[in-house]
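These are the structures in question, set out in turn.
Next come two complexes built around chain A: one with chain B, the other with chain C.
After this line comes the complex of A and B, so read on.
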């Protein structure tokens, strides 16, 4: 769990984002964050905060999403695995990232979905064909069951050498 | 230049042919009316009239042409730092002048250096300093700058004194104080060349700000120490009270300089509040006030460098919001231009002044100076880092320490300081000059050229380099963007009581006083607002915006088997990706004396904003058209 001082600080951040309504945050509140406006994946990240179909997120939901980015403590790794898996486990972090790709929530990243994310991340100087072949190559490197899409298991496998724990952890969420 | 002067003399003599031919001993009067009228000259050459501005212009022109020359071979600046090349040009030029006139070429006047050449460089550094990161690391920066410089100065001074005691070297007439003075002037680290190399080395932001900040603060300390020891050298007896006065002087000089800078920075910000009717000369205020802070501080013998840095850092935020976008661009570019020219001139002069009869060579002194500089710097960085790592949240690694230590290049400041030594008090001045020049050349050439390969070597050793998959870069960049985005949602990382307090004070009082209209705080939002429609139209016209994969093109995809790619094709793909993937938004723009890297980030930011705006509008239009269609279908 997150420390008390961190919760207080994040709550004050939550309220400062909420311009005047003193309630849950809406998408516009997030879009007002200037640094997020120039993040290529800004829209997807904002979507990640809002649960399925809803347009508002309360503080609990806000914290829930942020909890994915808590660094993994060493002593947690050896903890008893009988309880529910913590939100910041490697698997859950990967699931969070997977959901950013998978818009239609069919547990598969199709070529379209991959292309959309790629197009967002890439400048305007790449042609559609080049991007298409890059997307093909990406799928080919991950795809094992030959369905030309990346399932969650394949996603995990492809990233097994990547230090996801470090890349998806924010230091001060301790 | 000498030839030109001779010509001019000859011509002006030629203007009075009549008088000379007379040879009667009467001095020829300038009007020539004594014996014969001079005819009206159709063409005259009057060099002395324009000599000074002409020479200055030629020097600056030469420096700039040299820079063009370097970049003709595009690989050259990345292998050899520009400073080296400029010194070489200077050496060449000095050699020519020496050969032509058989006397030492003009040495850089220290007044010219300290009053005209140095301020633009410091102003440039201070203006583009990322203030938040600077203050977050202020403790470490201060530690390295003050304690590190003191350590270096005293260490080098005392060890050199020890060497001087050995009578075999013929150096026994150099006193302890003189050695300490020499030590203090040679410990002035000038990491300009390192900063230029930093762009190619991947350094973490903490390290970058440490080196950057240290260079600014330690200049001031070096000058203070220098003046202190110089006065000590000239006093016959030194009482304990003098030492305390010296310490007190240090604080007064530093803090006084900063106060002057801050005061004038606020005045500058306040002035720009009212300049919206005279946009054209807005940039002038920035330069005038900063230069004023420098020379005011120098007038009181306070630290001009700290003053101009403080002034630039103070007025930066407020001025940015008050001036027009065009003035802001002008300020940035003009500042870069001035500092670039200054730096170029300094290095060329260094080369020119090296040639000549100013030298006295003594193997022991010179080699031991070089040795001690290296040893004490390495030791100092190592020891200081061990201590400061205890207090830091993010400790400095061995690679960081190596970069800081190896990047301790010496430059123009110690060069000028050594020329400033009064020869009456320092009979061995020429020896000092030679030693300083050797150290500067060694650090600039050898260390400057080899630092990049060494760091790359260190990097390679640490990370296991296997052939990365094409998709790996995509995933890595993807994670980085997500992480940056979430960090931005959470707000500033790190939480500081004093900074929050200052922000409150700033919002309540300072901003109301110093800023003209209530404008959005972030430069990114103001960028968004100032986004010219022209850009958006241009992009739309060239078809760049509409690159959302339409459903038509997607259905063209055949369900065939994806063919495996050859290594060259993979390499191509990787190259395309590296060039085109959007960069992570850096919190600190990488500093480069010679270009405004902010432009690249701004370009990317503009592009992203336009595309998102467009796609938002597109999706809104789609939902509107859909809702309009439904009644029709129904």
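After this line comes the complex of A and C, so read on.
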């Protein structure tokens, strides 16, 4: 599990982000981080911290979302084999990424949703037609049941050869 | 009462005026260093669990492993750079890394200490260790608040009053070499008194590179004290905005004796006006070098942020200076969003001491093929390198303002270039 010193550090970070010192964090508190503000997917990432309809996230929620990025090898030290699947399992990491694409949370990535996310990533530098072709090709390659949308199962299949554990993990130094 | 004042005058003010040292500060520092070393040893012994060896500079290592692989290497595979669902992982992880620890916002709050220096304010991660340590800490509180604080306050009052009275007196004289000489004496003496008011121990390096008349001195900015640190060893023409209150009184008095460059609030918004006035000052080789802090705001002394190019468009010779404070004895950084100037000065005066190193770097001029921004970056590198500070391309103004959209647009452009590079889309 997370060590005591790591929790202390993250709590320290949580409070330092809270400029107004009113407890929970708001979206503005995240947007004040320059490196996050310039990230093309910054808004989607920030959104992942806020549950449906809420504008505040407390420390518990903050830790829960960050937990997705714990390295998978941490789980081997955990003794609880019969408990619920840990948030940082490969499957849950993939689910987290899936939710970044699935804008309306209907468990499917539609062509439209993919286009919107692509548009966030490329800005104004690629035309609608080109972007449309990219989206079409991507969906075509991954779509197995022919509904022109990507379900979570299809998403997992496409990424089966990708080292998700390495790409979606953050390691603490101490 | 009278004995107290006489002692202060005799032991501190008079030597300051003459520029000599009686060795009292040195003795105090020696005792302080020994005490802090003892405290550090006790802390290390007192820790029950065996800790992994702490790295020397926490700022350099950070708390998480940052993967600095550039976007192109991370996302593109061989010759295929078509879009894949996995591309999102790169942006996602970068985003989360920034949330846990980012390079910029940490510079706007005080540096964390490796080992407790017996000040309550830095006691964030250190717990009760032993009775002896607590006793020493209590003694420290008494010494700092009941002895040092009144002493320092008295000195500061004397220093500021002398400055106002002295410069006004000198200002009455007609312009000439006598006036300049006396003005320098007054400024230097008052500066020295103020440095003693902070228990300042300053080591100046490479004094042969000291800024000359007609030049521009630029330094990294940590605190309003920076100016006093520098004027302790030389005379400068200050540049800044006119303030109200006590600061305004000081500004109006000093400008009578010496041509400091004070701007009204309305004037400072006009960049051309500012550049013009500074250019005129610098062109006059008989005038003192001007002192500018190109970061524009106080940074926490672990890094040097973007230098505003304005100072580097004036022309003339730039004399870079690096200032590095030792945080073990007292935190010099002014966190203006957390403390106002009065609280800040109070904190400074109840610290152990202000210890810093000042390096005078060799003068630099703009090269033919360099523009102001490149020149500014070159000077900034030299200062950061000398002071052991990290160089950051970010603007210190991010302390208060939002980052510009152009940076995000740049990221989007880079990603798009990657997708389109091989021509094979769709």
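Just so it is clear, the second predicted complex is superposed on the first by the 163 of 174 C-alpha atoms of A that agree within 3 Å, B and C clash if a C-alpha of one lies under 4 Å from a C-alpha of the other, contacts with A are read in each partner's own complex, and residues count from 1 in each chain.
The rule is simple: a residue touches a chain if its C-beta (ideal position, glycine included) is under 8 Å from a C-beta of that chain, and two chains touch if they have at least 3 such contacts.
The model shown is predicted, which means the values in this text are computed figures rather than measured ones.
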* Quick one: chain B and chain C on chain A, clash or fit? -> clash
* Check the residue A:156 against both partner chains and state whether it touches chain B (first), chain C (second), both, or neither. => neither
* Kindly classify A:115 by the partners it touches after superposition: chain B alone (first), chain C alone (second), both, or neither? => first
* Asked: So, does A:103 touch the first partner chain B, the second partner chain C, both, or neither?
  -> neither
* Have a look at where A:37 lands relative to chain B and chain C in the superposition and call it first, second, both or neither. => both
* Asked: Which holds for A:139: it touches chain B only (first), chain C only (second), both, or neither?
  -> first
* Please indicate which partner A:168 is in contact with in the superposed arrangement: first for chain B, second for chain C, both, or neither. => both
* Determine, under the contact definition given at the top, whether A:67 touches first (chain B), second (chain C), both, or neither. => neither
* For A:10, decide between first (touching chain B), second (touching chain C), both and neither. => both
* Considering only the stretches 307-315, 541-549 or 559-567 of chain B, report the one that runs into chain C. => 307-315
* To do: Pick out the shared contact residues on chain A: the ones touching chain B in one complex and chain C in the other.
  => 9-10, 13, 16, 30, 33-42, 45, 66, 69, 97, 100, 117-118, 121-126, 130, 132-134, 136-138, 142, 158-159, 162, 164, 167-168, 170-173
* **Footprint of chain A on chain C - complex, ascending** => 52, 61-65, 82-105, 109, 124-125, 394, 398, 402-403, 407-413, 415-417, 419-420, 425-426
* Asked: Okay, in this complex, where on chain A does chain B touch?
  -> 9-10, 13, 16, 30, 33-43, 45, 49, 66, 69, 97, 100, 111-112, 115-119, 121-126, 128, 130, 132-134, 136-142, 148, 158-159, 162, 164, 167-168, 170-173
* Asked: Which residues of chain B touch chain A in the complex?
  -> 469-472, 474-491, 493-495, 520, 522, 524-525, 528, 539, 544-545, 547-549, 553-554, 557, 559, 562, 564-565, 570, 573, 576-577, 579-582, 585, 604-605, 607-609, 611-612
* To do: Enumerate the contact residues on chain A facing chain C in the complex.
  => 8-10, 12-13, 16-17, 30-42, 45, 66, 69, 96-97, 100-101, 117-118, 121-126, 130, 132-134, 136-138, 142, 150, 155, 158-159, 162, 164, 167-174
